[in-house]
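Each chain gets a letter, A, B, C and D, in the order it is written, and its residues are counted from 1.
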Amino acid sequence: MRLSYSKAITRALEEAMAADAAVFCLGEDVGYGGAYGATQSLRDRFGAARVRDTPISESAIVGFSVGAAMSGMRPVAEIMHMDFIAIGMDQVVNQAAKMRYMFGGKARVPLTIRCGVGGYLNAAAQHSQSLEAWFTHVPGLKVATAATPRDIRAVLRDAIADDNPVIVLEPLSLYEVADDVPETHEVRALGAADIKRRGEDVTIVTWGRTVPECLAAAERLADERIDCEVIDLLSLVPWDEPAVLGSVWRTNNLVVVHQAPRRGGFGAEIAARVTERAFRELDNPVARVCGLDTPVPFAPKLESYVLPGADRIAQAVRRLS
Amino acid sequence: MRLSYSKAITRALEEAMAADAAVFCLGEDVGYGGAYGATQSLRDRFGAARVRDTPISESAIVGFSVGAAMSGMRPVAEIMHMDFIAIGMDQVVNQAAKMRYMFGGKARVPLTIRCGVGGYLNAAAQHSQSLEAWFTHVPGLKVATAATPRDIRAVLRDAIADDNPVIVLEPLSLYEVADDVPETHEVRALGAADIKRRGEDVTIVTWGRTVPECLAAAERLADERIDCEVIDLLSLVPWDEPAVLGSVWRTNNLVVVHQAPRRGGFGAEIAARVTERAFRELDNPVARVCGLDTPVPFAPKLESYVLPGADRIAQAVRRLS
Amino acid sequence: MSGSHDAEGDNAGQLIAMYERMALIRDAETTLLRLFEQAEMPGFIHSYIGEEAIAVGVCQALRGSDIVTSTHRGHGHIIAKGGDLRHFFAELYGKAEGTCKGKGGSMHVADLAIGIYGANGIVGGGVPIAAGAALAAQLRGSDQVAVAFMGDGATDIGPFHETLNLAAVWGLPVVFVVENNGFADFIRVSEHQKIAHIAERAGAYGMPGETVDGNDVEQVREAAARAVARARQGEGPTLLECVTYRWRGHYEGDPQPYRTQAEVDAWKQRDPLLLTERRLRERGLADDGSLGAIWERVRLEVAEAVEFARTTPEPDPVSALTDVYTDLAVEDWP
Amino acid sequence: MSGSHDAEGDNAGQLIAMYERMALIRDAETTLLRLFEQAEMPGFIHSYIGEEAIAVGVCQALRGSDIVTSTHRGHGHIIAKGGDLRHFFAELYGKAEGTCKGKGGSMHVADLAIGIYGANGIVGGGVPIAAGAALAAQLRGSDQVAVAFMGDGATDIGPFHETLNLAAVWGLPVVFVVENNGFADFIRVSEHQKIAHIAERAGAYGMPGETVDGNDVEQVREAAARAVARARQGEGPTLLECVTYRWRGHYEGDPQPYRTQAEVDAWKQRDPLLLTERRLRERGLADDGSLGAIWERVRLEVAEAVEFARTTPEPDPVSALTDVYTDLAVEDWP
């Protein structure tokens, strides 16, 4: 079936809610279909008890979810823009992430936190952050994302079925992109990357909003006879090290691309790790193409200077070959 | 003069408050001397208006500080354990860090946030985190720390004099360590590393609580004729890339050590960056010795397994040479 | 006698001035909606139409040196506090001459020089910041007052609570102005809290609270003046709830499935400008001629500001790298 | 007649049971303070001595299937809810047989099987979690009730506010129990909020609030029973303030410059155990003999628990790597 990214989210939620009465959704405007439309029609189908509008209270959204998850429910919380998770940060990192461990393995927190990720929308500094790096650094959390309708449907289903807290990043600027989505999805463990393009010369590892940028760059480079392999990680914790290493052993070159600022971004972890494992196999140091180390500015000219696009990615690849 | 780490903090605050009427302190128990004693006697000397006890309200502590800083004051906020900053996260990352940029350079936020860093204290998962990686990833913030009385005095003075928001990490398990502190301090820009030990074979880069662990490891290794250079970064944003690269060009080997979990820690940034700049000069991939990727457990035997100590550091260095 | 006569004259003058200020906001907002629809402006727009009496009534009670923090729905506050319209529009256009050099946009318009500590994209984000400005005033012994504007929805968020509690404990010179416009995003106030009046929350902090008709600019000004006077005299903070209604969707483009046109139309009968105009006429303070002149001035000012904003140059992309720190440079693309 | 007689008998039985439970907490706390002073236990200890009537009175009103979330000062809650004393002590010793396998310690003792969702090292951290457990109960149509214990200081933190507001809007079966023990760390309640009774905060959420003598275990139990009944019947949350006093410093080792010994001594006259003992004797429900028997049982139980905790083995260091996720393994040292 052909679905937009946002309808693919709705589809995943519908499937999960239909399959398991423990699944419910909560968040700001979620009952009215969501600020960006990802939960449209859910309340009609499943009722207001399972599709819950909340006040503007991110600590409560996450905290209630933690308590409900510990009680055997499978909450799916929506954080409208990921930037706002800062309000509920304690409940994410000090509670959800640590409950199981602090309590000696006796708690389970099967919680999914869907985060709208801005950027590329001219929404300025407080509505444009892709904050995966905070959460990949917190043991106890899983972190996943997707760039296509097909993938977000799968990732969300897998996240909701996971018995651990999972942060899912949904790039809002991809919400309208449409694509084929399989009729059914078989739930599997999070963690497998998807090789979006096979290639022999350079490996590009990316996730989320920059996946289409990398693919566009790879197309251009193909014209220049540079053959890129584009790996979409989909899951950051855990991440598919074998897939990446396998590719790097062939191409001997790696570029990591992400929307978030470079300094301290998750790209650094991948670069460090791959270098630890494939130091002798690398022809060049791992290159990183990321957001510049500034807040995201408002004006289109400024924002597109700061955030990575196909041009910059292609340039970085050229520099390696 | 000989001062404990905690008295060196008091000294720095006293000096800054005496020198500039715009400096004031606020936080939980700060007026009564601080939960760990770092603000003792300050209220007696400077009065309750400038040494302010707050309720348990980390958003207000940071948020009031932001507003006061924008109004020309120089607040020094204390966050008792860095873990609690999660409650005030929005004001740190979405407000303090971004005000200047969002407002086109017209705001100044000269704010210092002193964070007690647990770990090595058997205080378990919610009182033991060293969360520098969150803040190094947020453009607009500076991040600094220190491991000795002399250094924390200097770093705090420099941070308070800085016109930007600075997060200062103070390892609580070092509070009782005593050392010589110079009578006076000349304020300078944050950013210079301190080479705590010169050596020719391997460079060890570290900061905060693991500085003494690295020095202890270097002593042991010296007996084995492995000559380590130990660089204490002191400042993470900005960090002293020239000092590190200069050292790595000589030793051709780098180990990065920090208390925080490895995955997504700031060590990854340093490893990635140094590899970008000194790929051909490195004999081995940059090694990282960090906290394991778990929450910090309570029991001494468990905690000391998880957090890095001199033994593990020495082992990692041996593996390179 | 002559004192009260002066006061009357003063009141009359204030009402006319407030009307003109409200008209300026209304015309600026109406104009920019049109421009936004024509895709002249990037980003998101949250319209202040229908709520003008609050910003204008409150700011009328302030001095130039006083501080305000604003919200995502901030245009009205900026204009009411005296923000320059040309640079305001230039900012919405993302131009180099914008108040924030194009880095902020609609959600972060600011002008620190005249005490506008900025629109804020985080709900409740400006609330502790206003209190911090008030703390600075208290520490310095200045008699500045700070005002935090916020929506009804913002009164549910944690930092609101922490701020009001601590501001009360410290007796800070700050006024918390709640613009209760009936909705937080798509949900009604009755769906996000269970109390009749938001001002009741003041009791939880031992602070005075008051609810006024937010469409009546004089009621707003008077209540604000009382609160500001208390703050200036060291008597601490106040929670002032102004009841109003959001004419437009939450954001431009909002399909608004959550309400009827009839409801919106009913509230339009209570248009704050209409109410004020009627009052001006009743008191003989204005007639068709003088009102026409006001609107002419306003339209001219807005049109000039738009013209400026449109024609002033785009920012240099590389300017994105500045203003992160006061001192450190940010690395450019390699 | 016989009904009321039964009720009386029931009350008598409850009071004796509550006394014994309070004695168990008191003896466990006194014992562990001694052990802590002898450096037998690592970490931080926050003593519950003097506040026993609250945990016991509240838990007496609960069923086994009900849920509680606790605080950094959590020992009393765990014991009152029926936590196993041997594994409790083993946890404080950081042993493998501890309720949390030595990973949690004093600040995170938990026993999910009997509804104890854990002590919490973040002030207010358990408050939304209790509400979430209540939400789960509501969604499943079970008649479970959740209780969030918290200190006076916790009522100033943002998540408290967000939680009470939303719990009220959703009518959740949760009781918010504030242990007002006079201090938040080193500062007095009057230094951290400006209201006479914390229960007044309930008004901000349209929820009933009540203040009781937290040293009177029967008052606490009755008020808790009312709140729990309301919750169980679908009538929503309650804010229940229990006024008490913290006998020990904030943490063991606290030099306590902020109060006098005389103040502490005065409160010791109102020892909740003493009050209950007096009442038991007055009502002829206990005498030296029966009280002696209670204390003997209690001391034996505590002594056995300590003995168990002391002698049970340390955790294997490598066990630090488990329980991070339900499925993923964590990498060990290379």
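Just so we're on the same page, contacts are C-beta pairs under 8 Å (C-beta built on N, C-alpha and C of every residue); 3 or more make two chains touch, one makes a residue touch a chain.
All figures in this text were calculated on a predicted structure; none of them were measured in a lab.
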Practice task
Using the contact definition stated above, find the chains touching both chain A and chain C.
Solution key: B, D
Problem - Most distant chain from chain A, judged by the mean position of its C-alpha atoms - result: D
Handout entry: Cα-centroid distance, chain B relative to chain C, in whole angstrom
Key = 40
Completion exercise
Between the Cα centroids of chain C and chain D the separation in whole angstrom comes to 46
Completion exercise
So, in whole Å, the Cα centroid of chain A is separated from that of chain B by 30
Exercise for the section: For chain B, write out the residues touching at least two other chains, lowest number first. Expected result: 54-55, 57-59, 83-84, 86-87, 90, 94, 101-102, 124-126, 139-140, 293-295, 297
Exercise for the section: For chain D, jot down the residues that touch at least 2 other chains. Expected result: 98, 100, 102-104, 108, 120-122, 125, 156-159, 162, 165-166, 169, 191-193, 324, 330
Handout entry: Topology of the chain contact graph, where touching chains are joined (line, ring, star, complete, other)
Key = complete
Practice task
Over in the complex, which chain D residues touch chain C? Could you list them?
Solution key: 156-162, 165-166, 168-169, 191-195, 200-201, 203-207
Exercise for the section: Would you mind writing out the residues of chain B in touch with chain D in their complex? Expected result: 28-29, 31-33, 35, 53-59, 83-84, 86-87, 121-127, 292-295, 297-306, 312, 316, 319
Practice task
Using the touch definition up top, name the residues of chain C that touch chain A in the complex.
Solution key: 42-44, 94-95, 98, 100, 102-105, 107-108, 120-125, 153-154, 156-159, 184-187, 191-193, 257-258, 314-315, 317-321, 324, 330-334
Practice task
Using the touch definition up top, name the residues of chain A that touch chain B in the complex.
Solution key: 83-84, 86-87, 89-90, 92-94, 97-98, 101-102, 124-126, 133-134, 136-140, 237, 260-261, 263-269, 271-273, 275-277, 279, 282, 284-288, 293-295, 297
Completion exercise
chain B contacts chain C in the complex at 24, 49-50, 52, 54-55, 57-60, 62-73, 75, 87, 90-91, 94-95, 99-108, 139-140, 142, 162-164, 189, 238
